[in-house]
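In the two complexes below, chain A is the common chain; its partner is chain B in one and chain C in the other.
Here is the complex of A and B:
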């Protein structure tokens, strides 16, 4: 499987979320900006003014373009805004992980992976 | 009869019959093995175990993230303003990275992420320098723990996704062999057998015809002979040998000057 060969150079986490989640995760030290020529950040702050196209573009960039990202953390309420993209995303790398945010408690019903699990067991 | 069902495009010969039989046997062995692999992958010790752990980890993540955002609120309160912008600007190089290693489950390589922290680069040395430094420190630790939990969850999730994919592929193969390849090979064998039988019958019929013809010819020759004899008897030539002189058979070794054969 080709997916199993390219995960060795994946070493960063990426985050798409509201300001508080991003701030906290950056504090933990996951933030990374690539060297000057392109200056790509591995995080995106989403607020009410961010439109869905921007979120989608960031998601695409993290999931398909960049080859150094192993895990994409995305706030669940942000994931809801691009739900169709998350649900159709089936690749193993990078892993998409929906995380709760401060204002939006975590709802296991919406999680794409948990839904897949349930489908696997035919519930 | 021979055209019924799907079959492979082969000539009905004994050789291809042998090939088909070998293929059928191979397909059956493969089917058995794949079925066992599929059962091994879906057995109660791997997939349900992983899903249970994912479920657990997701719930744990909910709690951890809650604690973490609480500590961030503390920081905001202590620093007396939003530090988000400052942090986003000062993030340069990741201190927290992941490494992937492999784990083998029933012949499937599952990657597992492992979080590690690189030493010596701290992008946020200045954060909270004025006030709230302690809270910032605590918040960092809390979030670091949260991220560790998240990484663990992510590796479980990746394992599940890959396993799910592999199970699907294996099941698809099992079904393909069971419902397409085996019936088709069986059909082909049946077809070859029927064609070979047909050939056998044809051959038998032909031989019978040849035998019949020969019999008829001898019968005709006999009848001719009898008729001749009867005629001769009627002519009154009693017991005279029919025009054959009783001298010794010609000695073939004594060359009598054969006629030259000219092509």
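Here is the complex of A and C:
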């Protein structure tokens, strides 16, 4: 029920992805930086140098710490790097959606929603 | 009067059939949602592919000037122009939801909304018309539209970048919120299916206990005191 009560404050989309994915989505006007001194961004650009801990920290921040995020968009290949975290995430808000990137097309086998389906029918 | 074995068996079979048909109905609904999810996924993939193509084309042109449309140009004080709105109950489209609680429907729209004065309630309209005019005159829009993200990249941005923006807006406004809604509804139906299965298993167990009383079960194994 607590998940249902605080949903009205959730107004942003967050993105974790490669530079092109983030740039594309920010072009749509979803990027937001909170006022100083926090200056919290609702996006993370991931490249080869970004370590998994940083991705996980960003995911945790968007999914649990911040109460103003409604949807987390994450590149599927980035989600693969923190797959254990994504698969164990069960909260209603924010919703996590895996999106394709330029170099990694969408693979339904890896999608957390479709994995849930397999679990449901495999019972 | 104790019910006979056949009566018990018939009642149990009817209850089991009811439970099974309820589960089947839920699974049917789930498969329809899955179909919608897959369709939306395909649309999103297509949009994203075109978006990346346009972005690559824009970057190809910009490469001549040693420029790349990326994070170096992001405005560090950007404000979201498109935000989500979550409403409970909606009463139509998304439907479903967990038993008891109406579903939460997500939409993404321009922020601040273009004209707040358009859609007010009818009965208050006549009374507040004058007040509205006064308010509007007294307090000009406190939150003017934030800068268009295209401007981060310069005044004369290439056409492919504008095309990429158009596709991104389409994805964010039309596909992504619907995907999120369908995904949430699927999760709710999954929960209902699990509960229905559990209920059926419990009913079966209870029926089994009723048909074979404890003495018979224990006695058969030789545990009678």
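Just so we're on the same page, the second predicted complex is superposed on the first by the 122 of 123 C-alpha atoms of A that agree within 3 Å, B and C clash if a C-alpha of one lies under 4 Å from a C-alpha of the other, contacts with A are read in each partner's own complex, and residues count from 1 in each chain.
One rule holds in what follows: contacts are C-beta pairs under 8 Å (C-beta built on N, C-alpha and C of every residue); 3 or more make two chains touch, one makes a residue touch a chain.
Here the structure is a predicted model, which means the values were calculated and not measured.
S.K.: Fit or clash for chain B plus chain C once both are placed on chain A?
M.R.: With chain A aligned, chain B runs into chain C, so clash.
S.K.: In the superposed arrangement, does A:52 touch chain B (first), chain C (second), both or neither?
M.R.: So A:52 meets neither chain B nor chain C here.
S.K.: Please indicate which partner A:97 is in contact with in the superposed arrangement: first for chain B, second for chain C, both, or neither.
M.R.: both
S.K.: Once the shared chain is lined up, is A:106 touching chain B (first), chain C (second), both, or neither of them?
M.R.: In the superposition, A:106 touches chain B and chain C alike.
S.K.: Which partner does A:64 contact after superposing on A: first (chain B), second (chain C), both, neither?
M.R.: neither
S.K.: Among the options 110-118, 182-190, 200-208 or 236-244, identify the stretch of chain B whose C-alpha atoms clash with chain C after superposing on A.
M.R.: 110-118
S.K.: Quick check on the output: what are the common chain A residues between the chain B footprint and the chain C footprint?
M.R.: Shared contact residues on chain A: 1, 4, 7-8, 10-13, 19-33, 42, 45, 70-71, 73, 92, 95, 97, 99-102, 105-106, 108, 111, 113, 116-117, 120.
S.K.: Going by the contact rule at the top, pick out the chain B residues touching chain A in the complex.
M.R.: 47-48, 51, 54-55, 58-59, 61-62, 65-66, 68-69, 72-73, 82-84, 87-88, 91-100, 102, 109, 111, 113, 117, 122-124, 127, 136, 139-140, 143-144, 146-147, 150-151, 153-155, 157-158, 160-162, 164-165, 167
S.K.: Could you list, by residue number, the parts of chain C that touch chain A in their complex?
M.R.: Against chain A, the touching part of chain C is residues 30, 34, 37, 41, 44-45, 48-49, 51-52, 55-56, 69-71, 74-86, 88, 101, 104, 106, 108, 110-111, 146, 148-150, 161, 164-165, 167-169, 171-173, 176-177, 179-180, 183-184, 186-187, 190, 193-194, 197.
S.K.: Within their complex, state which residues of chain A touch chain C.
M.R.: Counting only chain A, the residues touching chain C are 1, 4, 7-8, 10-13, 19-33, 39, 42, 45, 70-71, 73, 92, 95, 97, 99-102, 105-106, 108, 111, 113, 116-117, 120, 123.
S.K.: Report the residues of chain A in contact with chain B in the complex, numbered from low to high.
M.R.: 1, 3-4, 7-8, 10-13, 19-33, 41-43, 45, 70-71, 73, 90-93, 95, 97, 99-102, 105-106, 108, 111, 113-114, 116-117, 120-121
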